[in-house]
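Next come two complexes built around chain A: one with chain B, the other with chain C.
Entry: the complex of A and B
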């Protein structure tokens, strides 16, 4: 009697994983990404550890400060997981939000063998607690490097509504590898910030096509800024996480030297390109203007053909 | 103090630090022997892909040469805000610089930041905040974001923000406010030769463990970060 039941559970989990990553909440992403029933959250919302600073601005608090951290299993193996909630203050890093991720990474460093999955969905520093948020990001970056030096694989999954901006982009750049969907924009300065500071001639933030092709997942994949491009489903992110976990090598001085060469090479080849389409053309892609409209499966086939990924050079 | 004054005061026995387009590189003779690697950003230059790749190159190239400290001087703008920099993957360049500094620090090249002017946002993260010990000079003027921009985002007037800044250091620009969170370890005295203060720091260099959250509790600028991080760490360790 148990076999049909297991079968039903499995297929229902798979069915649930056809859900859009972009549309899902942080908690739903974590629950469906990992093995059914395996997730245990640390300092969950029932502990009500809220931001000590938002009161000052008469802003609503959230009982988890916009991030879920915990452990679970991925295909039977233990993993640590952190997921930002882009719908609470744009997933921004505040004091408590950031400290949860720092603590998780330090535990991973101490253990040395359990990987960490970071589900980014963030606009960067939470300005109402800017100093605490900025320092939290600096601590997280250091904790990522300490964990990786201790042998931990740290994977970033990026496809949420807030994208991965500001200090979030720097943390992503510290990870062992990244999987990104088309919606998963990765950038330091956001479109509005560039426009505000440099003018609409420099960057028109209302030109959504420009935003996607400059910061979106397809460009990041073709440029080598992300290892894997995935379609916007939870199953695709799960498959990508498993694939990356099986292929990442150790981090050390050779990784950093390889990254130095990889980035120098990028500047040399594409430094004078005015637009993403010029980069894709220089990369040898015929009909580069059609890239933004390509369906995910066709894009993945194309990207795998034309561009090596940045594996072992991040 | 000007950059030249600072370098002269740090290295009375000589230095060969060059400023090329706002990117600093070179070395300085330590009174305790050996030469410190010196890198940094000067003249309130924005940190873009072209600057960052040169800085990371200096750090990585120096890793073969012994165990002398790395000094990271900062008087920068924020990250360069441009289409070109983001198109080329600025987040990777800034992360790579931070990684190189942190890795060097962990591998026996203690990294010391010296914030002597402005710095902000991504530039601060990739330079001064990617060190083991961050020193401020009284002239330092860091800001995660300036108050006018913050006023736009928070939809509060600058006057209201200035009033709030008096009761809480957590969002307001300035060295003291950043120091209260634990980001800046100590502030040097400009009236005393910087070489003496550097000697004393090098003689009492803390180990490479990140204690900035504990410092933030002591100073009252970040009441919860240390306890939350420790609780999560312990729960995670118990879970396995």
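Entry: the complex of A and C
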């Protein structure tokens, strides 16, 4: 991804964009999401800015520490982009991985007018770099809020293998808006973590249907945790990013107040619901039990009818 | 972790003008290959960091076969390996060599 491929025709890029987001690598997602040939990577793999910690554990490094950061164009307009590689150590945040995203967000804050797309695909903090990773999460959350305060739109796109868990879920919660596919689970504690800490009666991590309807993209969209639900193609994520960039409002204290009141309202309305299906029923969705099996297009039509989530809160 | 390095003389320079390519991912049974056009046209270097120690002879054979088949003169390949099988290594090296054959703008 060093220099642009200006030869690539638009039609072939559009064809490639029918590819699955879930199956694609971080680099492929970035290359196909943005305009053909527009991507320039910062601190690319040739710089070999690898983790300083993994060798202590006799573990293999990756040249980009599992994250691609750079700039490019989306429908002609400049954007910053960061994409986590969910297959390298579960896309987890280490010291270098986190610092690359922090630096990108600070650059966006300083420039003020270029939006940031974060392609989450992470299980959270890399355990081998626990303290550095936790600090990275805190720095990134601060950097997201500082960028938003400076007028930058920060969009999260979630549909990877690792989902968006742990500190990744916290950072996603700080973004201006999120687009999610069915595969893109969003949460903080993962299924196994909840079961380990609270018991199988609280959450059976082996019950995959339970996991998907509690943390999966459909539930996040219906609950207002994600603004847009998309089908699992790169084109759908591109369309969602463009839609969100054109519709996000300014960020300020009023945004936070609206978010607080929306969350209080949510707790009051759904706090007693034992299962996601009960929440959907309480939302007035007929035949709520059929939602997990709905194809993406039918679900999107249904979700659009039910309620457009508040753009200010999740 | 084990570090391995193999230097070969090549028949001809690798086609194309691309300076850099990266393919694959470091995961169990997988590997990443970073290819860079930084050597004289008559040389090829493959440097490996692998999680599976003790397979030097297999690497030697796979890389000799790759150099014979592709003659990637001028290219340095840096590999981070998560314990990939030899066929996966061959595939990734071939993918990297193929990417380098493209022309940079």
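FYI, the second predicted complex is superposed on the first by the 304 of 314 C-alpha atoms of A that agree within 3 Å, B and C clash if a C-alpha of one lies under 4 Å from a C-alpha of the other, contacts with A are read in each partner's own complex, and residues count from 1 in each chain.
The rule we apply is simple: a contact is a pair of C-beta atoms (placed from the backbone, for glycine too) under 8 Å apart; a residue touches a chain by one contact, two chains touch by 3 or more.
Every value quoted in this text rests on a predicted model; they were computed, and no experiment measured them.
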Which superposed partner A:52 touches (first chain B, second chain C, both, neither): first
Partner chain(s) touched by A:270 [first = chain B, second = chain C, both, neither]: first
Residues of chain A touched, compared between chain B and chain C (which is higher): B
First, second, both or neither for A:209, with chain B first and chain C second: neither
Partner chain in contact with A:25 - chain B first, chain C second, else both or neither: second
Which of chain B and chain C A:135 touches, first, second, both or neither: first
Touching partner for A:259 - first (chain B), second (chain C), both, neither: first
Doubly contacted residues of chain A, that is, touched by chain B and again by chain C: none
Sites on chain C touched by chain A in the complex: 1, 18-20, 22, 25-27, 30, 32, 34, 36, 49-51, 78, 80-82, 102, 104-105
Interface residues, chain A side, partner chain B - complex: 40, 42-43, 49, 52-53, 56-57, 69, 71, 78, 80, 95-96, 98-100, 102-104, 106-108, 110-111, 114, 125, 127-139, 141-143, 145-146, 149, 166-167, 169-174, 186-189, 193-194, 196-198, 202-203, 214-215, 219-220, 223-225, 253, 256-257, 259-260, 263-264, 266-267, 270-271, 273-276, 279, 314
Touching residues (chain side chain B, partner chain A) in the complex: 49-50, 53, 56-57, 60, 63, 79, 81-96, 98-100, 102-103, 106-107, 121-122, 124-126, 129-130, 144-145, 149-150, 152-154, 156, 164, 167-172, 177-178, 180-183, 210, 212-213, 216, 221-226, 228-237, 239-240
Contact set on chain A toward chain C in their complex: 2-7, 25, 27, 37, 44-46, 48, 55, 58-64, 85, 87-88
